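Two complexes are shown next, each including subunit A; its partner changes from subunit B in the first to subunit C in the second.
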Partner chain A sequence: MRKLRKYLLVVKTGINSNLIYTADFLAGALFFALVIFIFMQLWEAIFFNDGSMEGYTVNRLVWYYIAAEMVILSKSDVFRSMNEEIKSGNIAYKLNKPYSFVLYQFSEGMGQIAVRLMTNLPVGLLLGFLYVGKLEGLNISALPAVVISTMLGILLNFFMDAFIGMTSFWTEDNSALYWIVQKLSFMLGLFLPLEFLPKIIREIALYLPFSYIAYAPARLLTSFSMEEFLSMVPIQILYTVLFAALSALIYSRGVRKLNVNGG
Partner chain B sequence: MTTLRDGEAGNNTVIVARDLRKVFRTKIKKEGFTQSVKSLVKPEYREIEAVHGISLEVPRGELIAFLGPNGAGKSTTIKMLTGILNATSGSMLVLGLDPGKQRKSLSFRIGSVFGQKSQLWFHLPPMDSFRLLGAIYEMDSKLLDKRIDEIVELFEIGELMDIPVRKLSLGQRMRCEFAASILHKPEIIFLDEPTIGLDVLVKQKIRELITRLNKEEKTTIFLTSHDIGDVEHLCSRAVIINHGKIVMDSSVKALKYGYLKKKVIDVKFAAISNHTMLEGLNILKRKGLSMKLEVDEGDGIQEVMLRLMQAGSIVDVTISDIPMEKIIGDIYTDKGLEGINSNTHTDSYAGTDMDTDRYTDTDTGTGSTTAGNSGGEGE
Partner chain C sequence: MLMGDKKSGIQAKEKTGTRKDGDKGGRRLALSFLQHLRLICLYFKYNLLSAMEYRVSFILQALGMALNNAFFLFFWWVIFQKVSSIGGYGFKDVMVIWALSSSTYGFLHILFGNVRELPRIIMNGELDTYLLQPKNVYVNVYCSRMIVSAWGDLVYGFVLILLVYGFAPLKLLLFILFTAAGGLLAGAIMSVADTLTFYIGNSSGISRLVTEFLINFSIYPDSIYRQSVKVIMYTLLPTGFIVFLPFRLLSAFNWYGLLGLLAIDAVYIGISYLFFKRGLERYESGNLITTKL
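Entry: the complex of A and B
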């Protein structure tokens, strides 16, 4: 019980620590509103005013983008914090405490995510209603499935970031790798639904983990089908578990070869 | 790696290290673009031996100072003893546990303060971090409340408890850092440069707290510092390391009095009438009518003073001890080691001859190379 309590308190402290900044919150909401507005203008200008493409109308596309962006914006700082802590040597303080370091990072990340989700969710809903109104063809009974997929997308994103963050044990600077992964997640599912990509790229993307961060939940929200739910969610689970295991593994390897910087 | 068994070094010993070594493998990169590309394709490594066979025993309740210039291996040793870094070879037992293998069990019983790093949540008031640490150390909430009250009073940080850490001054923050590290009543506390960057008053306060902690809670204190004052005011034993090896292990008293058998005389003449009286004196430095001499304690002082008075009319004279900083600085640079049986824990440290012609300092003698620098080892 005490063991569980410590991680719960880490989550809570993470929430507290992230609630401090109202300016941060306002800037985040503003950014969210701005990118969605730009994308909406883009879609309207580029290919249609009415009509649709690959089953997406402007209304659905805006809601797709809101759902996808919500997952991406509600991420934790785990990459940056791992990267900085390993580089600065501050990790020394985190290592000699009686807890699992990976679980500690996870709990702290969940605190951050909770705060961001709590602000991004109402902002996203509000923007959607203001810009394009209610989602066309919304299937209320599919919402639990969308929630599950969203949670999995967020978790997968967390563990991928944690995994890349912990490569700092080996590499002097892994920001480039992080950047590449971010761009891949952006191209494969955030910027465009996979359906808009050439067939061959779409098929490859469906094997890669990146699309299972934002594409899966956004796709399920805007055009739910049981068939897609059953094909995508297991892969989301699989990739999440895989990256969680990889993070734990890379941590246990990395910490053994740790060379605490700064003496 | 040989293993030590608990109790091997006696029940009263809390730290035992035998022939501890740590080798880092560091990627090397020569300057220039082509070399950068080359190091990408075929990286070259160099092995750096940060700790080179350190053996040490620390009895319970001791206040021990671990000294050495930057890069001597102090922090690396602390990090091995606390289980953060794995030793390359050698063996150690801290509170009967092997830090490399039993880091978690050990972490319940030790505390640490790294002067240049922080364990408090930056955006939250210290109280939040204290509560979290209490939970991390699995403390009973009633006990934790009691302990927090106790520590808040001891450290006089009551008025800081609800201010976000980022708004605290360095001195205030360090007091809170220190308080945070002893919440769980550690048996040993490792302090890695706890007074770095602090002003004189805060330094004194921190030293006072360390002493009280040692006396009242019988906590063993393992301290590294660049600040000789820390050592002089706090510690009973000093271990000096350089290039990853122990060059001296002695009681602070012995260290001090070994050198204190000599005094430095600064004298200023209005005029010197009889130069022959100065012949044969150990003059370290001379500039016009001012000079600095070294003399042996006891009869030496009287004799030298008499001769100085006969040499001319004296305007000003000061007789002082050799500063601690100078002593340590000399040991760092291997100058003060002649006649010392290094690497022995001995209380008899008399009869040391200082290599006097290297005493080139201008006035107070505090300018020795590595000692006394509180702004050292930066990140």
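Entry: the complex of A and C
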């Protein structure tokens, strides 16, 4: 219980420190509004002559994008933070503290995510309602499933970022790897629903973890069915647990070979 | 008559004097321009040599960035499998926009890597080092750093333009010119956001937003936006002059368009420089002793 209280305090600190930097906080919300605005305009221009595409109307596509982008933009800075801690050698000062480095990063990240989610949610809802109105065919009873899937998507994204961040125990520069993984999650479910992709790519994407970050929650919001829920959420859980375990493993291996010069 | 001669003689002398002063001023300006061009070249050379010290990292970062951009090619390819045109833009047109944006921002961050870093430099009092050097602070501070991954952006743009137009020397020359002019214009706008730090305190949030707006408005066809957004794109955040007018000139060249574009670029850069100069007068040193390596 005492251990839990310790990490809850870190979550609280994460929330407070993110709320203090008002400019960053507002800049994040404005950026979210900008990308949604651009995609709204893009979809409208594409659908100019056509009512729907792959079962998506402008209304559903805009809500799909809002849901997907909310998961992606409500991420924490865990990649950058772990990268810096390891490369600068600052991690050495954290190792002798009475907490687990990974759980500390996780708790701090959750604080950051909570603030970003609470900012992005009203911005996304407001823009969606103002621009395309209520989501067509919204199934209220599906919302708990969407919330579960959104949380899992955010957690999966977090552990993937943490995992890549900790590759810096071995590599001098892992930013290229980070960009590529990031873009894979953008292309396989953020910018476009998987239904838009060629069949072969769609089928491969369903086996990879990237689509379970943003595609799963956005798809459940716009086209909920129990069948889709049961086919996607268990895989989200599986990948989240897998990347959490991999993060713990890479940390325990990496920290053993850590060599910090100077003081 | 004599008086008149004397007067006209004095006037002639004054005129000659003014012309001489003007000539001197012009020569000084040209000399200063050349000196600063040399400074930019030297910074470029040493920044590149320093980046090449970590060759694997350099190649990884540049390739990673090029691959990162290539993912967007996939996005547009998928879209254009579904529709033949978006607001009058075809797949190749979007590729040209991407080539221009990518190379422009690549060029900017290779030569002027400290753009967007100025708020941090001012806030940390690191500007003192630049003030002590006998070079223009505006040029000196911005070109003293190179962003290695920007090489990936620059090369990616050139690869795309060669894929779209093939080896067409005139188009390539124009592309190089637009890359340089657009890069300077984008840098001037980002610099205005940076310079706000002199006036209102840390403006890094604004600077980041301005950059995001500039980049995001540059990589989608401008025809998708309404008139009000287009007004912003041709005034406050002039992506119209960074990417879209160059795109039109690449498709259908005309001299008036080119000269007009270069004149507009010069005005924006001039305003940005004056804004910086005014701001610099408000700078107060924190007397922090730093070393610039």
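The working rule: the second predicted complex is superposed on the first by the 256 of 263 C-alpha atoms of A that agree within 3 Å, B and C clash if a C-alpha of one lies under 4 Å from a C-alpha of the other, contacts with A are read in each partner's own complex, and residues count from 1 in each chain.
Please note the rule applied: contacts are C-beta pairs under 8 Å (C-beta built on N, C-alpha and C of every residue); 3 or more make two chains touch, one makes a residue touch a chain.
Since this is a predicted model, take the numbers as computed values, not measurements.
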(message) Looking at the superposed three-chain arrangement on subunit A, would you call subunit B and subunit C a clash or a fit?
(response) fit
(message) If we overlay the two complexes on their shared chain A, which of subunit B and subunit C does A:Ser231 touch? Say first, second, both or neither.
(response) neither
(message) One more residue to check, A:Tyr93. First (subunit B), second (subunit C), both or neither?
(response) first
(message) After the superposition on A, what does A:Ser17 contact: first (subunit B), second (subunit C), both or neither?
(response) first
(request) With the two complexes superposed on chain A, say which partner A:Ser252 touches: subunit B (first), subunit C (second), both, or neither. (result) neither
(request) Examine A:Leu192 and indicate which partner it touches, taking first as subunit B and second as subunit C; both and neither are also allowed. (result) second
(message) Just to be sure I read the superposition right, which of the two partners does A:Asp173 touch: subunit B = first, subunit C = second, or both, or neither?
(response) second
(message) Just to be sure I read the superposition right, which of the two partners does A:Leu30 touch: subunit B = first, subunit C = second, or both, or neither?
(response) second
(message) Looking at subunit B versus subunit C in the superposed three-chain picture, what is their shortest Cα distance in Å?
(response) 5
(request) Would you please give the residues of subunit A that touch subunit B in one complex and also touch subunit C in the other complex? (result) 172
(request) Can you check the complex and tell me which residues of subunit A touch subunit B? (result) 2-3, 5-6, 9-10, 13, 16-17, 20-21, 88-90, 92-93, 95-99, 172, 256, 258-263
(request) State the interface residues of subunit A toward subunit C in the complex, per the touch definition above. (result) 23-24, 26-27, 30-31, 34-35, 38, 41-42, 44-46, 48, 50, 53, 172-173, 175-177, 179-180, 182-184, 186-187, 191-192, 196-198
(request) Spell out the part of subunit C that touches subunit A in their complex, as residue ranges. (result) 54, 56-57, 60-61, 63-65, 67-68, 71, 74-75, 78-79, 81-83, 86-87, 149, 202, 204-206, 208-209, 212-213, 216-217, 220-221, 223-226, 229
(request) Going by the contact rule at the top, pick out the subunit B residues touching subunit A in the complex. (result) 24, 26-27, 70-71, 74-76, 79, 82-86, 103-108, 110, 112, 114, 116-119, 121-124, 128-129, 131-132, 135-138, 164, 377-379
